[in-house]
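These notes open a run of structures that come right after.
Look for chain A in each of the two complexes below; its partner is chain B in the first and chain C in the second.
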Partner chain A sequence: MNYGPLVFLAAFFALASSWCGFVLTPQLQIGRLQQTNTVGSAAATYPVARPGLARQGLEVYRANGCAYCHSQQVGQTGTLLDIALTDAGTNETTTIAALLKLADASANHPGVLTALPPWGGSRSNASTTALLGELPRAFLRSSTREAANAAVKTLNSTSAKAQLWIVPVGPDLARGWGRRRTVAEDFLFDSPVMPGSQRVGPDLTNVGMRQPDANWHLLHLYAPQAQVKGSTMPPYRFLFEKRRIRFQPSPEALMLPPELAPPAGYEIVPKPAAKALAAYLVNLRADAPLYTAPLTVPAAPAASTPTNAATATASAK
Partner chain B sequence: MSPELRPSLPLTAEAPEPRAGIAAVPVWLIILLSLFLYWGMVYFDQHSGWFSPEVYAPYRSTAELALYQPPTGGIDLSRGKAVYENICGLCHGNDGAGKPGQAPAFANSEWALGTPNRMIRIPIVGLAGPVQVAGQQWNLAMPAMGAALPDDDLAAVLTYIRQSWGNKASAVTPEQVKAVRAEVGNRTQPWTAEQLNAIQ
Partner chain C sequence: MSVISSPSQPSAAGPADTAPALVAPAAIDLSCRLPLVVLFLSAAVWLLVASAFGLVASIKFHAPGFLADSAWLTYGRVRPAGVNSMLYGFCLQAGLGVALWMLARLGRTTLAAPWLVIVGALCWNLGVAAGVLGILRGGSTGFENLEMPGYAVSLVFLACLMMVFWGVLTFHQRRERQLYVSQWFLFAALFWFPWIYSTANLLLQGFHVRGVAQAVIAWWYSDNLLVVWLGLVGLATVLYFVPKLTSRDLHSRYLALLAFWMLILFGSWSGIPANAPVPAWMPALSVVATVLGVIPVIAVALNVHWTLEGKCSKLLGHPSLRFIGFGLVAFIVAGLASAATALPAVNQITQFTWFIPARGLLNSYGFFAMVIFGAIYYIVPQLIGQEFPFPKLVRAHFWTAAAGVLLFVVPLAIRGIAQGLRLQHADVAFADIAKGTLPFLRASTTGDLLMALGHLMFLANLCGLVFQFYRARAVSAWAEATAELKTAEARS
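== the complex of A and B ==
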């Protein structure tokens, strides 16, 4: 019997179904991905293309195999809701009483509502009053929408103004590797996308947020152990050039500790590739609030009282 | 003796070659597989997010995702801005500063900042005759530009006027507009400044 057509059809359907799963479906899902707007009060276009030097740095990152040891994808396992006060209101006594009451009630329902440190540990009238001077600040954390809404309602019924803050959580986020999970938009302008598969080193999705100084990155590439104790990263000294100081030292020369410093009359300067890589690393930052990855970016605490007091003292002198 | 003539040896009875036959699949296996299939479908239904490109774990659907959108931090003025620049801005100016000989300013105008009840009435039937706006005397006629606008659009544009160009007054809600429309009723006669000032 001639099995040729059967073998052909079987092979055809096997390949066609994997093509549908690996090529067609992703293309239908995110093939037409475009720039979006961030959500929240300050809407901005996201993502924006990387600057030219950072775009070159992506090629250096790729060429040196950084993606073999560093991932660029942050996971998220859930979302919690923080109950934050933005305004203490006119009657702080009732606000404090309501907060303490909510915190005491939270002790009966652990997990649903938790009092956040440092307030939660040693809460008292005095400590709460002190923290009310540093608003906006989150006081309680809730795992369910209902409990959070109820708490906000309770607080708003006093003269205070309470808000819900959306807080993504997960092991990666607890390590400080970002504020939210990675989504496809984050890679829109990267080609190729290098999400990485191993984490010999830390995740670099938000390294520009953790370490925004390009000079730090240059020093770290030249001598990783000098910057991070116990680092297993190999030094990338071929991205740097040791050269004789001709007329005056280059402003780009690395400020190395004495044990790594070149002999007198020489200096270590980064090659263009190193500068591009540092620019790329500084540019790595994916923490904008998107519809697909919601989070609340709280406004910076209004430091008006101390600053004004300091200014007043300064002007009084 | 030639080999052909050698007598054949008697064949001993051997166990037959094993053959693949047809046996029924046990019923319990069919039931188990059906249960797995059902569970798989339910799991897929709850976790696939309908393959929406907007849904990533840990969220399971766009509805769940919408629950977690951060507050916009105040009222969204974009709709009011769009309505304003289409209708009001032609005379009052997109900067709210008014145009000499055409329409008075909204920025810092006591009419824009005052009670919403007074302000909502103006676009519904118009305003004619002498009127004092921010210390300037005007004597023009405004047509009923807002008569045809839906309540929510009118509320949005009035809110935009009350909260833009340095104005900081309360927002106007569609309910307020609806209530004022009911009070105004079938009136087509434009207001005069005195009539409006009588309203609190």
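== the complex of A and C ==
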């Protein structure tokens, strides 16, 4: 009996199904992804294409295989709600009383409502009064929407103004690697997309947020152990050039510690590839609030305008 | 209906005068000899190249400054160069060689167009060499397992089409019309690779799809190559050699076909990591498919167990079977591990840790490469008609390879889980976690070293046998030629 065509059809349909599932459909769904708008008061288009030098840096990142040790995707395990005051109101005494009452209630229902440090640590009239000077600030954190809404209602019944802030949480975010999870939109303008599969070194999704200084990155690429003690990263000295100082030192020359400094009369300058890579790293930042991954970005303390009202009301519903 | 339940059992179907004459094994081996020797020898050389790159990459963990001042030898280039040498240089090349031989033997027909297979093999090696050099000079595409730049890919694809075409033709021309289960696996594997390779490279390097769809395609490709293709060829080899070398019938043909179906169905859907930044339906589907992927693993395990009637010690009797038995155990462990770590809660811990490379090596080396070693140790003496010059090295190769795999996989898997658990606690500094993995990486470097030692023995045995054979032929040819001259001299 001849089963040849049957084997062919079996394998053909199995592979064709997975081809339709994981090649064709993603192409139709995320291959056509467009820029989206950030949420919050300062709505902007997201993402924006990287500047030219940073785009060249992506090529350096690709060519040298940085992605084998550094992932560019952070996860979140959940979302919590912060109860924040934006305005202490005319009668601070009742506001403080309401806050302290909520804090006491939180002690009775641990987990649902938590008082946030530093206020949570020293819950007293004096410390609360001091903190009321630095609004907006989150005072309580809630894991359920009901408890959060009730707390906001209690505070709003005084003369104060309270809001809900959306706070994504998870181990990656607690490390300071990001403010929200990575979503498909974050990679829209990158080619190749290198989400990485290992964390031999830290995640780089938001390294531009943690280290916005390109010179720090240049020094780190030249001598990782000098910048981060105990780092296991290999140095990338081939991205730099040691050259004789001709007339006067180059403004780009690295300011190295004495044990790494070149002999007198020489200087270490980054090659174009190093400058591009540093520009790319500084440009790595994916923390804009999106509808697919919402978060509230609080305005700087003591800002006069109410912030993120749209997000807060959207989430309270 | 009669079915073939053992690869060595002659067909009982049909009167002899209507069936085409079956080709004798010796004639089949003769037709396969040169193409397979070329494929296996170059695969063995790539194996050594891969070990060298792997060792350099591994040493960099203990001395970050080691060979760091050369752009060509930086970690992020040496590591993909090693992985590509291993995958395309050894796994695919040797796997294709074994597949062609099994297709010819099971179909009881000679290999179609052996010379064109040789041309294909040479073209393949040229392509892989160009690709590895391309990666070293910074031309990597940035997609894992697909790093080779476009010019190398076109050569490799052309070569693969050449070899696959003659493989399909050999299957088509088979004299034995009854199919043994291994042929299903092999025939599917033959056209699986060109399909996934062309799709992935066209979309990633030709048409440049946008955004994270690139990552999805790269994951899909890696999964189809490492789980499905390696699984198809590796299991075909296991199901061929275990009954053959123990002189038993395969316990159940239907159980083997179930494994085949489940492998191609679920294996091809299981590539997307559970916490990937893509629309949630993709990882969800992949998690389900990965967990269901234990079905083929269990089916093959039970089938082999019942074929041996529970006497698994039989696998230790033959040097080739020892390799294949080890490979089968590794296949089962790796299959169970990937099903267990597919669940989102577990994946949250194992993702981005050393557990992932440990499991990957257990599949591609512990399972596939070991099974292929076993097959090559059986096939090459058949092709050449002589035994290996250093039979002790075959034993030694098994023990060094087995110890190497264990030394690589076990410490990294254990440390990977610990690393993942510590990553869940933001108050443990990242630098401490990274430093904590170093002693375990040292053990894995030792594993790398042992595997490299094994590869040297493998190459020595293969080269020794081939050299011995062709030298003997050259000597006899010389003697023949000079004998004619002598008679001519005597006459004049």
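In this text, the second predicted complex is superposed on the first by the 302 of 317 C-alpha atoms of A that agree within 3 Å, B and C clash if a C-alpha of one lies under 4 Å from a C-alpha of the other, contacts with A are read in each partner's own complex, and residues count from 1 in each chain.
As a convention for this text, contacts are C-beta pairs under 8 Å (C-beta built on N, C-alpha and C of every residue); 3 or more make two chains touch, one makes a residue touch a chain.
The structure presented is a predicted model; accordingly, all values stated were derived computationally and were not measured.
Novice: Clash or fit: how do chain B and chain C relate after the overlay on chain A?
Specialist: fit
Novice: Looking at A:F8 after the superposition, I want to know if it touches chain B, chain C, both of them or none. Which is it: first, second, both, neither?
Specialist: So A:F8 only meets chain C here.
Novice: With both complexes superposed on chain A, which partner does A:S18 reach: first (chain B), second (chain C), both or neither?
Specialist: A:S18 contacts chain C only, not chain B.
Novice: Compare chain B and chain C by how many residues of chain A each one touches, and report the one with more.
Specialist: Counted on chain A, the partner with more touching residues turns out to be C.
Novice: Pick one for A:T77: touches chain B only (first), chain C only (second), both, or neither.
Specialist: After superposition on chain A, A:T77 lies in contact with both partners, chain B and chain C.
Novice: Is A:V282 in contact with chain B, with chain C, with both, or with neither (first, second, both, neither)?
Specialist: neither
Novice: By the touch definition at the top of the document, which applies to A:L218: first (chain B), second (chain C), both, or neither?
Specialist: The answer is neither, since A:L218 touches no partner chain.
Novice: Which partner does A:L164 reach: the first (chain B), the second (chain C), both, or neither?
Specialist: first
Novice: Which partner does A:Q29 contact after superposing on A: first (chain B), second (chain C), both, neither?
Specialist: In the superposed model, A:Q29 contacts both chain B and chain C.
Novice: Which partner does A:S231 contact after superposing on A: first (chain B), second (chain C), both, neither?
Specialist: second
Novice: Touching A:L295, do we find chain B (first), chain C (second), both, or neither?
Specialist: So A:L295 only meets chain B here.
Novice: So if I take every C-alpha atom in chain B and every one in chain C after superposing, what is the smallest distance between them in Å?
Specialist: 5
Novice: List the residues of chain A that touch chain B in one complex and chain C in the other.
Specialist: 29-30, 33, 77, 181, 183-184
Novice: Can you list the chain A residues touching chain C in their complex?
Specialist: Counting only chain A, the residues touching chain C are 1-4, 7-8, 10-11, 14-15, 17-19, 21-23, 26-27, 29-33, 62-69, 71, 73, 75, 77, 171, 174-175, 181-202, 224-225, 228-238.
Novice: What residues of chain B sit close enough to touch chain A in their complex?
Specialist: Per the touch definition, chain B meets chain A at residues 51, 53-59, 65, 67-74.
Novice: Which residues of chain A touch chain B in the complex?
Specialist: Its residues touching chain B are 25, 28-30, 33, 39-41, 76-79, 145, 163-166, 181, 183-184, 289, 291-297.
Novice: State the interface residues of chain C toward chain A in the complex, per the touch definition above.
Specialist: Residue positions touching the partner: 1, 60-61, 64-66, 68-71, 74-77, 79-80, 138-144, 171-172, 177-179, 183-184, 187-188, 191-192, 195-196, 199, 203-204, 208-217, 219-220, 224, 260-261, 264-265, 268-269, 271-273, 275-279, 282, 285, 348, 352-354, 356-357, 423-426, 430-431, 434-435, 438.
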